[in-house]
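One chain, subunit A, appears in both complexes that follow, with subunit B as partner in the first and subunit C in the second.
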Partner chain A sequence: MSTQLTTLLAVFLFPGGLFALVLGLSLKGLDRRVAARLQGRIGPPLAQPFFDLVKLGFKRTMVPATASQPVFLGAPLVGVVSMLVAVALVPVSGLYSPDPMLGNLIVLLYLLMVPAIVLMIAGSASTSPYGALGFSREMTLMLAYEAPIVLAVLAVALRTGMGQGGVITFSLTDIIAYQRSHGMFLLDPVMWPALAAFALFFPANLGIIPFDIPEAETEVLEGPLLEYSGPALGLFKVMSALKAVVVLSLGIALFMPLPFDGIWGLVGWLVQLAVLMEIGVTVVRLSMGRMRIDQAFGFFLKWPLLLAIASVVTVTIVA
Partner chain B sequence: MNMIPDFKSIATKSPWIYRINAGSCNGCDVEMATTALIPRYDIERLGCQYCGSPRHADIVLISGPLTTKVMQAALVVFNEIPDPKVTVAVGVCPISGGIFRESYSVKAPIDQYFPVDVNVPGCPPRPQAIIEGVAKAIEIWRERM
Partner chain C sequence: MTDHTVACSYKIPVGPLHVALEEPMYFRVAVKGETIETVELNAGHVHRGVEYLATKRTLLQNMILTERICSLCSNSHPEALAMAAETIGAVEVPERAQYLRVIAGEVKRVASHLFNVGILAHLVGYEALFMHAMQVREVAQDLKEAVYGNRMDLGAHCLGGTRCDMDDEAITYMRSALDKLEPDVRELEKTYRTNGSILRRTRGIGILSHADAIACGVVGPVARASGIQYDVRTAAPYHVYDRLPVNVPVLDGCDVWSRAMIRLSEAVNSIEILRVCLDQLPEGPINDGGDPYIPPGQAIARTEAPRGELVYYLKTNDNPEPERLKWRVPSYPNWDALTFMLKEAKVADIAIIVNSIDPCISCTER
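Right after this comes the complex of A and B.
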């Protein structure tokens, strides 16, 4: 009973739910603010994503006459729920480790695919031609980045598993514990190919500029989100804010968990999140143009896939 | 008790802007892009954001004299924008037709067809004027919410 209660708390309060929502929206606000400063503008207030969300609550949700209403309105809900569970699956070093009953790294990888699938469903349910374009682009991109990320995560799991005397472990708690006693994977040259593959994966998963092809405003008018308005659109914003927290904290857990406990662990984790958001998202999206979908597909099947395969091979050989 | 007006004033800090080009010569459109994109006139300070889809919009900027050809399409797009919305007519063309007035293919005073709330005259108007127009539109929007 008490484990169920802590699991519920993890999903709805900390680190999932409310905490992750506030954190994700603040990270987005920081991103917009820093982006404006880098361009020499003043930029919106830090709380801008919160304002946007409140505003969307006041607007009307319009459902296209040709759309399938339950699917159209259900898709964002599925996305948000999957991300709520996903946040609760990522341990925070020294602060929180999820109940093994809730799931492991494999479940997390599945949940990370859900937002892309939800966008595809939303795009096709809206019956808009731009939604259909977004659907096909989202699917192509997902096919391209899914293989490298699975292999990169596999490399980490193999390294930890072999280090612990077994073969492979899919428990993020074990991966963090191993790094706390043997040093971060960030400083381990064997893991650098996997780290590079993960670094290339995450702008694609977050849908920021070199890889925001499915939602490109100037090409497909925000693609799958084109027909959404009001609270339904707000749910998509919540989903993407939560996804930023999941992907960033997954990166931290896989490669750079801090060896601190308690309050310093929390502060360090927040600083890591903010720094990763700035380096990995803001700077990247400001310094690049958008790729075409065929370029992105070719790119992912070339470098990240090679790096990921190389990382699995080296990890196996070294161990 | 006080929560509802509070939320409303929070909500007005996030006006999303959509542009409809109703046959404009692109002069006003360049000025509107300038308003958002260059450091000197940063409209994002007001929380504004240009959006690609009319369904996400709160404030509509219409430019151009409304040519016969584009009128039906412009009306369709305008009706796709969810309420509450505010309309800003940018440039002198929406008011009188500007340099295109008395043309056979121009429906010039566009307030016959669109409920215009704010006029920003000029050919083209300066970015400061557009920002002021948007700021006025935000006040009107607050009342409508």
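Right after this comes the complex of A and C.
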């Protein structure tokens, strides 16, 4: 098979595209169901996110009269496309490794920021004052978590690069291969600060409580998404489902790739995704309230940044 | 020529329909970034003309009408109306009926306060605590349903007494329900006192200083959280409150958190009052068997609704319909105090501050 064809398949079929969409929506369904059970409710069917998406697909998209239509409708498209490429960029241990032509860890980090930027653009294009509030909050939050996550990823890249005799590697495939032969970074105390920083970045990037500030329903009425309806809102749901898969599997690739191949690799990866979703998303968002934007900003410039800096320093010293 | 200067502040509408507000309120808020500069309060979205309607109904019909003014303090309205009418007619309410009135009022108070602190958890995004508070409240709801047959409008009062009696079975059930409720409410109180997520978003937010509180004439938990020790149950005891262990908690935090803590300690105190009522409940009639005659006259009655002091003014003439029925609800002065609380607040805290006065718009705008 030609490289182009494999890449296209990776973006649109597996592990990106259709597969990632189904996976992301199922994870969201699981999250909602488990959350309901933890709160003593019955909860929606596991397939509820699919039903929601289909329903939105049949509705009309209303564009506010004052909004700039191309930007308003283009923003969710850009978001979905960026996430489709991003899913195809994350390798799955023993199952899939992306073509180096597609990009490396740095490209992936850039792509991960696109949904936040898209939300900002969508919020300001909608001309709603709540969209504008969402815009400023999204931007503040992004500024806060950007530095820690880059440093945490840098620590992983340094550790792998030095372990392999070089200085640094930005290939996720290499990072997975290194961990498969030397043991997961999850079990390596040197990498724990980086892991902690990543764990704190994760709810902020996925926009869940305590960091769902830009879209806080009871404060800014979903902020940037306020004016969206129908298929355009559906695209945002697709983007967010894909983003969950990207961020979760990036976490798995960086810190805990399983040493299995083939079908067991797939099963193990799916189990890891589900467990991470429950521990990292459901339990976190149920066990605390939302922070205010100034509190979140202060928080990120304290702990995650310190942890991330500590991780880079320890990795350099140990090597 | 178009003006290209960038506006530093802009106005956002909060309400009249807003996911975080349960009832239609409308605030026009001028914000600079995330900080509020000025607030305009607007009212009148649910005006239904109940006061006018009340003059077209007989007193008996008004007992039913006033109960439907508001759901959360539905017990206090007919209670105050009955008290005003009984004052005019010099009707003696049997002692057992007075105890039963206290019981109905205190059960409603527990449910109302738990609802409010539950909503607070929802507004700070703490969904699990919200669900838990609502589950605890469900015990009180079951209690109301078991004893009065309704979860919200109890229909407990009639002119000259109460409509529902409590038999031994109901008393036993109420005791067991209170035993179930008390540890849960105490646990909730501890959670609200210590949980970081709650403290982070409620302490030092929505400050209403002692002086401002007096100037606004606020009542109920809002007043008591600003250091004003005022509760109609102790200031002007009605029914049998002078024989009951009414504890008036006062805090001087002046913030959202203090108001929530006042509500929780009142809920605990209400449970204690209910227990004492059940112990002291005397035998005897619960009303005088028919509709008492209310002669022409006028009277004022005051009760302590869950939100604070509720004042009823009733003027009767020779007709069965009252000439004038007017009430001042606790949310009326408390609503005005929002202008002080929202000063310099963050947009993120608007809903939390508004909820802290436990606004009852359907009472206020009737």
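Just so it is clear, the second predicted complex is superposed on the first by the 318 of 319 C-alpha atoms of A that agree within 3 Å, B and C clash if a C-alpha of one lies under 4 Å from a C-alpha of the other, contacts with A are read in each partner's own complex, and residues count from 1 in each chain.
Everything that follows uses one rule, which is that contacts are C-beta pairs under 8 Å (C-beta built on N, C-alpha and C of every residue); 3 or more make two chains touch, one makes a residue touch a chain.
Predicted, not measured: the structure shown is a model, and the values here were computed from it.
Using the contact criterion defined above for the overlaid structures, shared-chain residue A:Ala20 touches neither subunit B nor subunit C, since it reaches no partner.
Touch criterion not met for A:Met83: it reaches neither subunit B nor subunit C. When the shared chain is aligned, no partner comes close enough to touch A:Leu112: not subunit B, not subunit C. In the superposition on chain A, A:Leu276 contacts neither subunit B nor subunit C. In the superposed pair of complexes, A:Gln295 makes contact with subunit C only, with no contact to subunit B. Look at A:Phe58: by the touch rule set out above, it reaches subunit B but stays clear of subunit C.
When the shared chain is aligned, subunit B and subunit C each come close enough to touch A:Leu221. In the superposition on chain A, no contact is made by A:Val284 with either subunit B or subunit C. By the touch criterion stated above, A:Pro210 is placed in contact with subunit C alone, subunit B being left untouched. Common to the subunit B-facing and subunit C-facing surfaces of subunit A are residues 39-41, 217-218, 221.
By the touch criterion given at the top, residues 35, 38-41, 129-130, 132-133, 136-137, 209-210, 212-213, 216-221, 285-295 of subunit A touch subunit C in their complex.
Here subunit B touches subunit A in the complex through residues 7-8, 10-16, 39, 42, 44-45, 47, 49, 51-53, 55-56, 58, 80, 82-84, 145, going by the rule given at the top.
Every residue of subunit A that touches subunit B in the complex is listed here, in rising order: 32, 36, 39-45, 48, 50-52, 54-55, 57-62, 217-218, 221-222, 225-230, 233.
Interface residues of subunit C facing subunit A in the complex, by the touch rule stated above, are 10-13, 18-20, 31, 33-34, 121-129, 131-132, 135, 196-198, 200-201, 346-351.
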